Structure formats: structure tokens, C-alpha cells
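Two complexes, one shared chain (chain A), two partners (chain B, chain C).
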Partner chain A sequence: MGDPVTDKRFYLILLVAAALLSLLSLGLDAYRLHVLIVCLFYVMMASSWNLLAGYTGQVSFAHAAFAGIGAYTSGILATKFGVNPWLGVGIGTVMAALLGLGVGVLCLRMGGIYLSLTTLGFSEILRIIITNEYEITRGTMGLQVPGLITVYSKPVYFFIMLGGALLTLIVLYKLIYSNIGLNFRAVQNDERAAASLGVDVVRMRVLAFTVSSALAGMAGGLYGHYLLLITPEIPSLDQQFLVLSMTVIGGMGSFAGPIVGAFSLEILAEYIRGYGEYHVLAFGLVALVVARFAPNGIIGLATRHFPGRAKPGKPVAVAAG
Partner chain B sequence: MFALAAMNGIVIGAVYALAALGVSLVVGIMNVINFAHGELYILAGYFSYLFASVLGVNFVLAMVLAVALVFLFGVLIEITLIRPTYGNDMYSLILTFILSIVLQNTYLLIFGPYPSKPPNWLSGSTEIFGSFYYGNQRLAALAAGAAVIVMVFLIIKKTWFGRMIRATSQDRGMAELNGVNTTRLNMLSFGLGCALAAAAGVILTPVFPVTPNAGVPVALTAFVVVVLGGMGSLWGCVVGGLILGLVENLGASYISSGYKHVFNFVILILVLLTRPAGLFGRREA
Partner chain C sequence: MALLEGRGLTKRFGGVLALEEVSFAVEEGTIVGLIGPNGAGKTTLFNVVAGALKPDSGQIMFDGNDSTGLPATVTCRLGLARTFQVTRPFAAMTCLENVGVAMINSPRTGVGCRWGCDGIEFLQVVGLGEQAHSEARQLNVVQKKRLEIARALATRPKLLMLDEVLGGLNTQEIGQAVAFIRRLRDEHHLTVFWIEHVMGAIMQAADKVIVLDQGRTLMTGTPEEVVRDPRVIQAYLGE
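Coming up: the complex of A and B.
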């Protein structure tokens, strides 16, 4: 599809945002820079989860688990076999993609509810395996892994994560605004109509699920090598919940929604951390209210109050390739 | 050892069947999966702990109160969260998942991470078939679980309300044409589904004390039972529950106890590979 004008605008916005963030990062102390890096991790996670929930209407509860697959694959390869972490992140991404493909093929014939059930089971099983296989994963103690760069430097990690986030967003943009993306939305809007027009519904769902899982795997791998310690916290259901809340609160099904959600919730979480570990509960209540009363999130509210150009986000047209 | 593991499997299997009945009922009628099912199971456990152990209410009364309160809570959830999402299955999945995390964190805030346990109904143990001694509490749990399952079957097969439930899960439009108020039926059956989770909770908590996130494995097992038995099938829940209870306990004693919940997942994958509609499932399920 790729309307050249829209393409140009997208890359321009991305470039300006990246430049502004880079400028901002120069003026931040180590703690604030860390928060910014975590934000970028969540941008990758929430945006790629949005590809599923927002664009193809599937709810996966294993997105954090796939990030964990990426992180642990790369971490174990690096600590046990001395594999270069960059190569490890690549292998971790492939691993997440393969597992995503497997789970997708297994459940998506049967429809969305089966995917949600199986992915929830998958996260829980992964948690049990990581906790039980203590010799390999170090269980809840966490696995100490080498960094992506030999000399630890937060600013360099910031640029690595920024690169990861940009790559993720470009892949998603390319996918969503292509013929395939059109098929995705057709499947979400009306499965039967899409199928009748020749869209292979199951294949589209499996494709979206695989790509989304791979992107989560990459995000997890990069994040694990930034933290230098991979714990079962990365693939936990709490983490999954945060990613889900960011997408829902930011605005599911819009490109900017998960980005807005990731930044606002992560920064908010840091602010209220001083009052104890209640941010999960607080976000849960907010997410519940938003999901119930404003299902299109912050972005939805913003476009309702400032109706500008028609957004390219959710065209209703059912067309097929 | 085999006999003991098998006995444990049957007891826990009966309670899994009970929890799964609640899920299956709601899926059959509303096509909604309640991801907070396990947290409602826990809620009933906390209620019965609160009433019986803290306030000193008689344990039977405490259990009845706990189930009734969870039923009302379920009705409230249906009205406030589920009803606006009719026709959009994805949103109800997201909402109930968020609800489950909210409830887990609320329990953590109120009760702390420590296990809470209502008092046992019975003490002592009984000799079974002259081969081993088995705790009376667990035997009572089995009897109570079986009694509630029989009651659910009677309600669904014999009463007018049950007839409405069966009609609606077969053909919603036709049921409406025949005068079934399906909105009200959704509300009541969602509440009933939650009450069944609660019944499983009050029966099992004297044996397995509750912690804020102990509901996750129970709910997952109930979901696997529902997939194994076939979505919406009641007999499937009973058979599937017993199978999972047995597999889990035999596997734990012969293979590895750390992996007892992994066996369920293996079963789930096998079902999806070979017979995705489940043992008693309708083809289009």
C-alpha cells in the first residue's frame, strides 16, 4: 500500500522523535536515563503486542513469556557456551519466533479463546521450568549475563535500545501499512467477510502472532543484556499485565497508543514507587476503568476531543489481496 | 503409593471438575472465558477463612456465606464489566485478565503473602480398603465436591432454569424468540459460574491453604479440563477433571513433583494436536 506521502511523514516523525529523545538523554542523570531505557523496552513490548490485540483481534498472554524466551536463550548461550551476546539476541529472537509459530499453528485453527488459554498456560509453564531448572537458569536468583558492550555505559545502551525500538516500529509500520496489514484488519473487522474475499484467516493470524513473538524475543534479549541479570520477573504475568495495561491505556489499535502508554505508565510507575509497590494495583484499576469506558485509550480520547485529519489507524474498509 | 496417589487424584479431580463446570457453563452460554475464575476461587477461600477462623462463625455457615457472597460478586462483575462487551469476546478476555491481576494484588495488600486456612471440618483418618489411612478432611472434601456436582447436574437437567440454560447455549436467538430473557440469564449463569469456583474454593482451602496467587494454577487446570472435555460440555468437565487430577498426582509421585502443573500443559497440547474439539465437544466449538 505504502502511500509515499504517509511514508515520508512517518519516517520524519520517527526521526524527529529519535533526535529529541537523544538530545534529552544527554541531559539526564544515570537514574533518569535508566527510566528512559526501560520506557524504550516497554515501547517495543507494547507496540508488538498491539499488532496482535489491536490489529488482528487476538489476545496473547505470553508476550512477556516470549521476551523471557529471548532473554534466557541469549543469556544461557552466553554463560554456558560463550556465544557473543549480539548473536545470542539474534538466536533468541529466532527461538521466540519458532515457539510463536508452534503455539500459533496449534491454537489458531480453533479461534481466539484457545490462543488466550494456551498462552496463559505457556507463561505459567515457562515460570515453573525456570524456577525448577535451577542449575541452568539460576531460578529466582537470576542469571548473570555479560553485556552487549565490553565497557558498561548507560548512554550507549540508550542508543542500542533506541535502535531496537526504531527497528520494531519500522517493522510494525511496514507490516501494518502493507497489503498484509490490510488483511489483518479485514480479519479483525469481519472474519467471515475476509475469508469470503480470499483472505487466509488462519495464516494471517499465525503470521501476526509469529512476528509479534519474535519482536518480543528481541526486546527481551536486549533488555536482559542491558540489566546484566535475567530473572523470572521478565517473563512473569505481572510484566505481561503491565504491557497489556500500557497498550489498553494508551490506545489499542492505534500506532501511537502503545508508545504513549509505555512512556506515561513507566514514568508514572517511577513516581509512585516512593509510596510502596502499589503501582500494579493502581494501574490495574486505571486499566479496568479505561478498558470499560474508553476502549480506545488516551489516543481515542484525544482524537475525539481534537478531531483532526482522519487517522490512518483503523480504516473500516474490508479489502483483500 | 499408587493407591494413595490415585486417591489424592480423585479428590483433587472432583474439585477440578467443580471449578471447570463453572468455566464451561459460562463458555457454553456466553462464549466468555473468565480469567479471574481462579481469583474467585481464592476469594471464597479468604471469605471462609475470615468468617470461620477470625469471626468464629460455624464452618458450614461460613462456607454458605462465602459462596453466596462470591455469587453476588460474580453478578456484579457481569453487570459492570462483561455486559458492555457482548459481541466482542476479545474485550471480555482483556477485562477479566486485568480483574484477576487487580484481585491478586488486593489480596496481597489485605492478607499478605502468607497462606491462610479455614479450620478443618473433621479430624482423624479412615483406613481405605485395608491398605492405607486417608485423612477424613479429604474424604469429606470428596463427598462435598461430588454432592455439589450432582446438584449442578440436577439443576441443569431437571429444572426450568436449567432448561433455559440448555436452550440458550444451543441457540441463543431461538431461545430469545421463545421468551428467554438472555440478558438476565447471562447475569445469573455468570454468577453461578463464579459460585462454582467459590464452592471449589471453600471445599479445597482446608486442605490447600490460600495465598494471593494460588488461584492461577487452579484456573489454568480448570481451563485445560474445559478444553479436554470440550467447551460447553458438562460431562466433559467431570471426566476431564478426574483425568487431570489423576495424571497430576500420579505424575507428581512417579516422575517429578516440581513439574506437576506441566503435565496439564502437555495434555492441553496433545488435545489441541489430536482432537481440538475435546472429548465431548461439539464440532463447531
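Coming up: the complex of A and C.
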């Protein structure tokens, strides 16, 4: 359980931000509204990836793949079995959670680079399966899926995605500022010291992987039913590196970082879209430079130059052992 | 009664026999010193006891249970807390959060206790109350050692295992530290198992001293017996 005062502040900020975005969305044309919706998708993706990379130090390259799992599960259920897309998104989320649990357990004994390589492999295997199982997935042609609402309406989709983003952020906030979140950070800082203080390192890592994958699955499911066409683009490595760049440039390990990164990079990407897909490359380079010279990203720079309150050492109730 | 007992512990690293048939006992409520020249196997013994390493053979009894080969997470929850010789703070977390991690995972912490408030007490005990909201990376070496002790205490252990916590202190500070650890033992009803290079400190503080040399128990005795023993003098000074 979080501290009530800071909790109140968090929900207030979230509420104000959501209200402002909603207000803004009313004045946007279809194209700009689309960009805003995509931004919200990336807020979900980058924030949930941050839980893994930023809070438990597990750099997974399978996050976009889990979004793909969510999207394709729901899409296939809808097209082949006529399952309601809302239910499909739910099942897709559970599916991503289960696979995340599996990959998490598989990667238990691996640290650093080995975890990254395994998840990279998982991601590629998934892409190959999706591309080749044409009968089921329609390969690179993409799977046409029904929408979440019967009459297509961008503004309604905006509110659906906003809801998804808010839900994601609340889940992450609850987790990060709980005792579990404290354990996550302990594991990231020093696994051996954490174990010596009674932290169940293995359980924490698997838990982070499962929750993060589930959130990616939900994001992918919602996004797929918004686009109405699910392509291997969703679980692609391009997508993965974009999410990575957003998190790193925004500020890995901070709550606001991935949100800032998602909005700024997606909007920037739209401006330079004329140059083709090179923007992913450019973002990757920028991410490298940021990681080297400003490891805490935009948020880190902002707090360094405008030092506000010291970060609150959040008092959290101790769970009964 | 022995709170901790090792029976015939052996640990091998490749061709090196780090521990060879080491047996020892740490009686409840006492301070037991573990000394020996560099490379004698002191820290290896600690790692084996605390669950950071598994022994190749032998048995460890802790608080009446067989704890041989249990991982660190479990031994900690059973009531065994250790500090690290080379300190391992959670660098990017505040001192209070460092202590908080220890508190929230301890089955002996009271229900509903808030680490944000109560954690300060553990920091104050080691003189880090002022640094509660500083990140651990900002501490100096001596302060980091104190943070290790605060974290270990925050698990509310039965056995406190200290691995060279006096490094970097001057003679006067060592005297204070010894008094401090005795006080800890009395106030927190602890048993202390203590590796230390600073012989003077161990001689003042310990009820019993175990001497390791080249992975074997050289002798066990009171501090007076140990300093007078020719084998110990030879192990430290060489031929």
C-alpha cells in the first residue's frame, strides 16, 4: 500500500493529464488524433518495459513480441472463432502473461546479456512463425480483425486507449510503490545483497516478467483492434527498439520517463516520417548517446537542472511475514 | 547451547581446498571471533554458513534445524543476517530504503509496522540517522559498513555475522565500535559471529575465538589462550 499523500498527488496528476489530453483530442483532426492514439499505445509499451529494464534490470527484447502475442491471440480468436474482441483482448493479456511467465522461468538463471539474447531469440521465432503460418495469421499481408466497437469512431478509440494507458500506469504505480517494488529495485541494485536480506530474487524477477508481459499483451490487443489490421509489424524488432529508445531517452527507472519518451519520440517520428524508416536507426543512436552521457534520460536532466523536492523515501506499510 | 554449529564442512574451488573438515560451534548469546591469515577460508566459511555457497560435504545446524545448503534468502528468514566484507549497498536507493528491504522481508517484523518511520531507528542505532534520505552511493566506506550493520539488524536476526566491519577505523574508534557491538548483542539479544583482522578488537570483544589456517581449524579457545598459542603466532608470522 502506498503512502496516502503521495497517492493522492499521483491520481491528481493522472486525472489532470487525462482531462487535458481529452480536451486536446476534441480539437484534433483525424490524422493528429491517430498520432495521439499511437502515443498512448507507446506509453503502455514503454512504461511496462520500464518495469523490467528500469526496475529489475532485466533487459528483455521480447516486449514487442508479447504485444504481438496479445494482438494475434485476440485477432485469431475473433476471426476464426468469432470471439468478442473485448473478451479476446482479455484472453490475449492472459496469454501474454502465461508466456511471459514461461520465458521468465526459462531465463531465471540468466543475467544480463544471456537474458537479452534469449528474449531476442524468442522474438525472432515468433516473427518467423507469424510470417509463415499464412493460413492462420495471413503472414505479412496482415490479419483483418473486427473493431472493439461496431461503428468505427476515432474519438471513441482515443478514450479506449486512454483507459488502457491509465489502467497500465495505475497497475505499475501500485506495484512500483509497494513492498514488491522495493524488492524489485533491491534485486536490480545487487542480487546477492538482496538475497542475503531475505528477498526472493527468483520470484521477483519472474513476477516482473509476467506483469510486464501481460501489460504488453493488453496494449497489443487494444492496438490491433484499433488498427483493424494486425501485421508482423507489431511484434517486430523495429518496434522493440523504438520502445527501448523511448524508455532510455525519456528516463529509464523513473516513472515519468517512458511517458515523456513515448510522446516525444512518436510525435518526432511523425515529423520525420518522410525519411522512411531511418528514424528507428536515428533513435537508436540517440538512445546510445543518452545512455552514455545522461543515463537518467530527459527526466534525469530535468531533475538535475530544476531540482525540486528530494525524491520521497516512500514510507510503505510492511506486509505481515 | 550452540545456536550455530558446523560439522566437517568442506568446500573446494577447482583444485583449491578452501575449507577442509571445519567444525565449530557458536553458543547462543556469545560473541565468537573468527580469525586467521589472509586466504585462511574465513569468508568462504561465512558464505557457506549464510547460504551464498553450498558446501561440498558437512552439515550446518542453525537454531536446531539442518540448514545445510539452504539459499541465502531462506537462511536470512530463519534469522541469520550477515554483512559483506566488500560492502554491497543498494547504491541507487536511499539508506532508509536499504533498511526497508531488510524489514519487509523479515518474518519477525511486526505486523503493520511502517519501514518509512521505523526504519530510521535502525539507521540511528548505527549513527546514520542524518543520511536516511541520501542515496547509499553517497556514503563513505565507513558509513557503508555501518549501513550493512543497520540492514542486518533490520532483519531482526538471531545471529549476526560480521565480516570485517572495523576496516578504516582508528584505535579510538575501534574501542567505541567494540563497545557498540557488545551493546548490540545485549540489547537485541543477539549472537555474534565475527570475522576481524583487527586482533585487538576481537581480543576485547570475543568470548571465544576460532582460528582458521589454510582451510582448517587451527584451534579454538578464549582470546587469552589464542594469543599465547605458538601455532597461532606461527600461522600469522610465518616460520
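Simple rule for what comes next: the second predicted complex is superposed on the first by the 306 of 321 C-alpha atoms of A that agree within 3 Å, B and C clash if a C-alpha of one lies under 4 Å from a C-alpha of the other, contacts with A are read in each partner's own complex, and residues count from 1 in each chain.
Quick note on the criterion: contacts are C-beta pairs under 8 Å (C-beta built on N, C-alpha and C of every residue); 3 or more make two chains touch, one makes a residue touch a chain.
Keep in mind the model is a prediction, meaning the values are calculated, not measured.
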{"item": "Partner chain in contact with A:R292 - chain B first, chain C second, else both or neither", "value": "first"}
{"item": "Partner chain(s) touched by A:L167 [first = chain B, second = chain C, both, neither]", "value": "neither"}
{"item": "Chain B versus chain C as contact partner of A:V156, first or second or both or neither", "value": "neither"}
{"item": "Chain B versus chain C as contact partner of A:N183, first or second or both or neither", "value": "second"}
{"item": "First, second, both or neither for A:L20, with chain B first and chain C second", "value": "neither"}
{"item": "Partner chain(s) touched by A:A193 [first = chain B, second = chain C, both, neither]", "value": "second"}
{"item": "First (chain B), second (chain C), both or neither touched by A:V201", "value": "second"}
{"item": "Residue contacts on chain A - larger count, chain B or chain C", "value": "B"}
{"item": "Which of chain B and chain C A:F241 touches, first, second, both or neither", "value": "first"}
{"item": "Contacting residues of chain A [partner chain B, same complex]", "value": "53, 57-59, 61, 106-107, 109-110, 112-114, 116-118, 120-122, 124-125, 128-129, 131-132, 237-238, 241, 244-245, 248, 278, 280-281, 284-285, 287-288, 291-292, 295"}
{"item": "Chain A residues within the chain C interface of the complex", "value": "3, 179, 182-183, 185-186, 189-190, 192-201, 253, 310-311, 313-321"}
{"item": "Chain C - residues contacting chain A, complex", "value": "50-52, 71-73, 76-77, 81-82, 84, 88-94, 96-97, 100-117, 132-133, 151, 155"}
{"item": "Chain A contact footprint on chain B (complex, rising order)", "value": "27, 31, 33, 35, 80-81, 84, 89-91, 93-95, 97-99, 101-102, 105-106, 109, 216-217, 220, 223-224, 227, 231, 256, 258-259, 261-262, 264-265, 268-269, 272-273, 276"}
